[in-house]
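Order as written gives the chain letters A, B, C and D; numbering starts at 1 within each chain.
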């Protein structure tokens, strides 16, 4: 079904759509919002809501990871972020939040040169564990080999490997790259890995044994991969492609259902609803949660891409503070701007199209409106 | 004729157009504007102009409903609005009009918690009846069972059931939902019901016995359904689809012609003209009439979507005050901004394309200009 | 070759392009700019440049009509404008130029209620005649019968009938409409008539015996037909369609070549070049000439559409004053904004694509760049 | 594979894409950035990076040409620019940099009327030669015959003939045009010639014996060819077309590989990456290098198109000063705006898609995202 166009005589391209480009079309059946289920499960872990907080220092601290868990979702802590580099990251968070726009990335580059401490990894994960919620921590593929044993010893329920482009076939001249398949096979805990942005990359990641695949590549609120390195994978198309890989892998594996988790480019509740309608099983949110009163970013938002010492591919963005984490997820909402009551919006959308659970909601009909293609 | 594109490997979408995307193309015949007819009829009720005022508190009061009737159109009063909640809604209208933008939705949520009074329903409808015009009142599907007998006893000529997405097959676990087919069959007065935004939903509503179907879903000036819950049905495509349902139902029913009424997304006279050209028999107007000097909204405009207690999906918008209701409908116009002389514009468009009445005008040729797709 | 899309199940539309949407593609041959010819001829009248000044009071006065003629083009005077309503239109021009934006259309409506005087028609045409240039005057189709004999007696070389939508088959209940075919047959002078915006309308106008057809409908700088009455015919597509009608009519008539004159929507020299490349034999310019230091509009620009007493469909726009008429047509240019040296630009474009005259230039290759579709 | 659409009944057009319209899609393999090669070679001259500085006075002085060479690229001096017209161009550069925006083009027109001195051509080229880097100078096709012998005597390694549209078949009535084929055949040094913007023009230029072809036509940061003369060739499509010509010419010539050099429209590192992915072997940069602290333009940028005495088709643009030439090419970067560390970005993009050298990178997959088509 994919659509090819010719850029020129020697190069074809795929037409690819972002979440803003698409919309859900109401159909003939409706339902009461309270009758729908938003529950989600990965491996043995069940959640009331299909929401993971992104492992970004502006979003997830041990405290907000715990809060996410108590609210029915999953908080994922960045194990290469400020909480594992600094005993007390508060002053650094304060400096980043208050930096002038032009100085922010330089400052971030500098602050993140502080080495990661293994004891802080242990300490942060224990803190979350003690609160009685599901524990999840994220490493980049580059540093997984260095820190994973520390992470495992500290204890996590779900292990997340997250980079901008993660492939199952990384090639290196200098060092033996992480063999994802072997690594995941050896591990006792389920692994969520990504971002992947197309069918093939996702299928290969699924074949490594991952429990979930993150879908995304540089589409988030603080990403600049399109302008800096020319790469971009619009999320609506990426989700739909990876959902197809999930279906094909389900068949080829004889029944292993890999969770597809949309990651990035979802600034509003409407965008989250569309990501789920397109085939995602859950969403990993950055900017929406960075807007909470509890967010460590204090109204500012940035990601791991901004840290790179010579080629930062993300910026610090002011997203503002709009409501408590509870109100952002469950309302009540007092502004129709899609920034609060994400789960209420999801329930309403499912009810308006007549679906009872997230899996069946993936069947809903969609439209592309050319006049909204910007 | 509908056009499918592939969002990704697992999801197709329909290409859907809004009114701004399309334009009418002049053809080889022209005519004098005074020679065309703009008359419209639903059931036994005839109107000089194909215009209904939307049941929104910023647009339709008992007084403006009467004014609409005297001018040849139809005023539809919201029977769940301020006029049935407050003996004197003037102070509440004043508060909403003068609220700060950021506070407006909260205030609307609060003001509309005041219960609906059955005696006020009766009183408002009697007031319109006494003026000698056609009487029409609107309820939401959720509260139709609670109030319809009061409405019928008070006496209406046309009964309107209006929600954002109204289906003929609502499902609920808690309560027995409104059985539209039985309800309409039992009723003595003709029913106009909607919004519906696609062929199937509209066809099912037509099969309930409705005299008219409202076409629309969240496209109006004060709607935020796209950003909040991800649903959107661009109106040009929706009208054309529902017009096809009208034709098929006409055949299957052996001759019952259901009126198709475009609802929302028509801010200018040009948009009204296009809605009628696309197949609508009449239009229900909000923003254009909220701009009249008589409008209860005093230059502000809001709809029922803004009232929701936990998930408002509409906002209060400043539309300004431009002219009297008479000038908005019949001119003279002194600005070429499409905000006055809607009927004059319709006559001129029909004359420039050579059609004599609204039904034949639905045959006119149209163009989509990619450079206007925003 | 025309492209249809489905707006919805019951309505198709044509994809139509404006001049901004398209561009000329350079090809393998180039040429010296001084080697190309820009000459143009209609009936017995030859011109060095394919440019007519629009019959708009902000553009063409008797003086600028004479100037146009002396510069190798053709000035067309509006015979229903201020010069035939007022002995001395200077004060009225001054009032329009200095009116506040919101008052301008009301003022124009009022000023143009002054009746047209037949003796002023005669006087203005004589004034142009005496200067030794080709004389052309324009009437609207509505008033052609009333004034044409006066115009003929006063003496014109070319007679222009110009309205927003002019058809060969106007229908009226009240009066016998102008029979264009008989009228043109009886007339001794060649007639240029329009606007027409599609193949059929243009073909019918060609069959009336017209020497030239104006192509356009509401696309100009001061037009509001799209927002007011919903009609629009993007000019690139319209020119190409009418050029096809010219070819078919050339065949059916056994060799009568009707001049296709693009009218409106050409604000820059680049747009003029594209109009000619698309198949126009000449262009009728408004805004570009309204920017001359000699223009009667004094930096303001408006058309006949703004005069309508109850439904103005055009506005007064500030276009500014940039250079003398000579510099606008022939340069030298000191800003690369496409507002001066229109003929130099045309020569350069023809040279860069290797064509020697306007007729062969109509063969040049074009591109539509989606990223410029706004 | 090329896509035709119908503008109207008599004219088709090609759909053509700019660099902003396209993006590179990550695929299943990744690689370490330090493992990729960015080397490039034309004729006998090898370069570490595939970057030429544009022969524009705001970009390339003898000093920056030398700096480019030392950094692994190629500096190309405009031999008709200020350095060959003025013994000391510093005061003129200063005047252009400090001119008011509205006066800049007039001033440029005036300053460039100063005649070109042959002894300065010699002097500037010697200066570059003495620094030990590859020497390249550019002439326009119009003046190549006048100055080429001086250039050859002074000594260049690579001879560049650069105009907006250069064809292998220029036609002139007044003079014998430059016979490119004979000229290049007779010359001892390799010639890079362009701009060409389509398959045929490029194929003809390749047949003249050119070592490289510049791809581009009026798409750069300071070009106004689209608005002034209506010509435009979006660069993504142009590069892909010329790359196809390269492949066909490789076959027809029995193995001569002509370098395809993208020229213009590349303001960010992301755009450079895309140009190379589309099939360019190297890029010629203007604006990105005009932003260096060493750039002679001092934060202002203009090209040869702005000099034309009667029809300037380019303007002077403020691009600002962001970093040293070294940082622009190799970083480190402290802003994620695509204005620094172009080579680092290229390495990262190649690594993220798994390619080891520039030639194989031309195979990478791409997407067109309708929502980025502006």
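We take it that a residue touches a chain if its C-beta (ideal position, glycine included) is under 8 Å from a C-beta of that chain, and two chains touch if they have at least 3 such contacts.
According to UniProt, the chain labels map to these proteins: A, B, C, D = GuaB3 family IMP dehydrogenase-related protein.
Quick caveat: nothing in here was measured; it's all calculated off a predicted structure.
If you check the contacts of subunit A and subunit D, which chains show up for both?
Under the touch definition, subunit A and subunit D have no mutual neighbours whatsoever.
Taking each chain's centre as the mean of its C-alpha atoms, which one ends up farthest from the centre of subunit A?
Of all chains, C has its centre farthest from that of subunit A.
On Cα atoms, by how many degrees is subunit C rotated relative to subunit D, nearest 5?
90
Quick one: compare the interface residues of subunit A with those of subunit B and tell me same or different, with half as the dividing line.
Copies use mostly different positions to touch.
For subunit B and subunit C, what's the span in angstrom between their mean Cα positions?
One centre to the other, that is 40 Å.
Mind checking the centre-to-centre distance between subunit A and subunit C? Centres are C-alpha means, answer in whole Å.
56
Find every residue in subunit B that makes contact with two or more other chains and list them.
In subunit B, residues 15, 17, 237, 368, 370, 373-374 touch at least two other chains, as defined above.
Judged by the touch rule stated earlier, which pairs of chains are there in contact?
Result of the pairwise touch check is A-B, A-D, B-C, C-D.
Can you list the subunit B residues touching subunit C in their complex?
1-3, 15, 17, 22-32, 34-35, 199, 236-241, 243-245, 247, 268-274, 277-279, 331-338, 341, 344-346, 348-349, 352-354, 365-374
Could you please specify the touching residues of subunit A with respect to subunit D in the complex?
5-18, 20-21, 102, 105-106, 109, 164-174, 197-198, 200-201, 204, 217, 224-234, 237, 305-306, 309-315, 368, 370, 373-374
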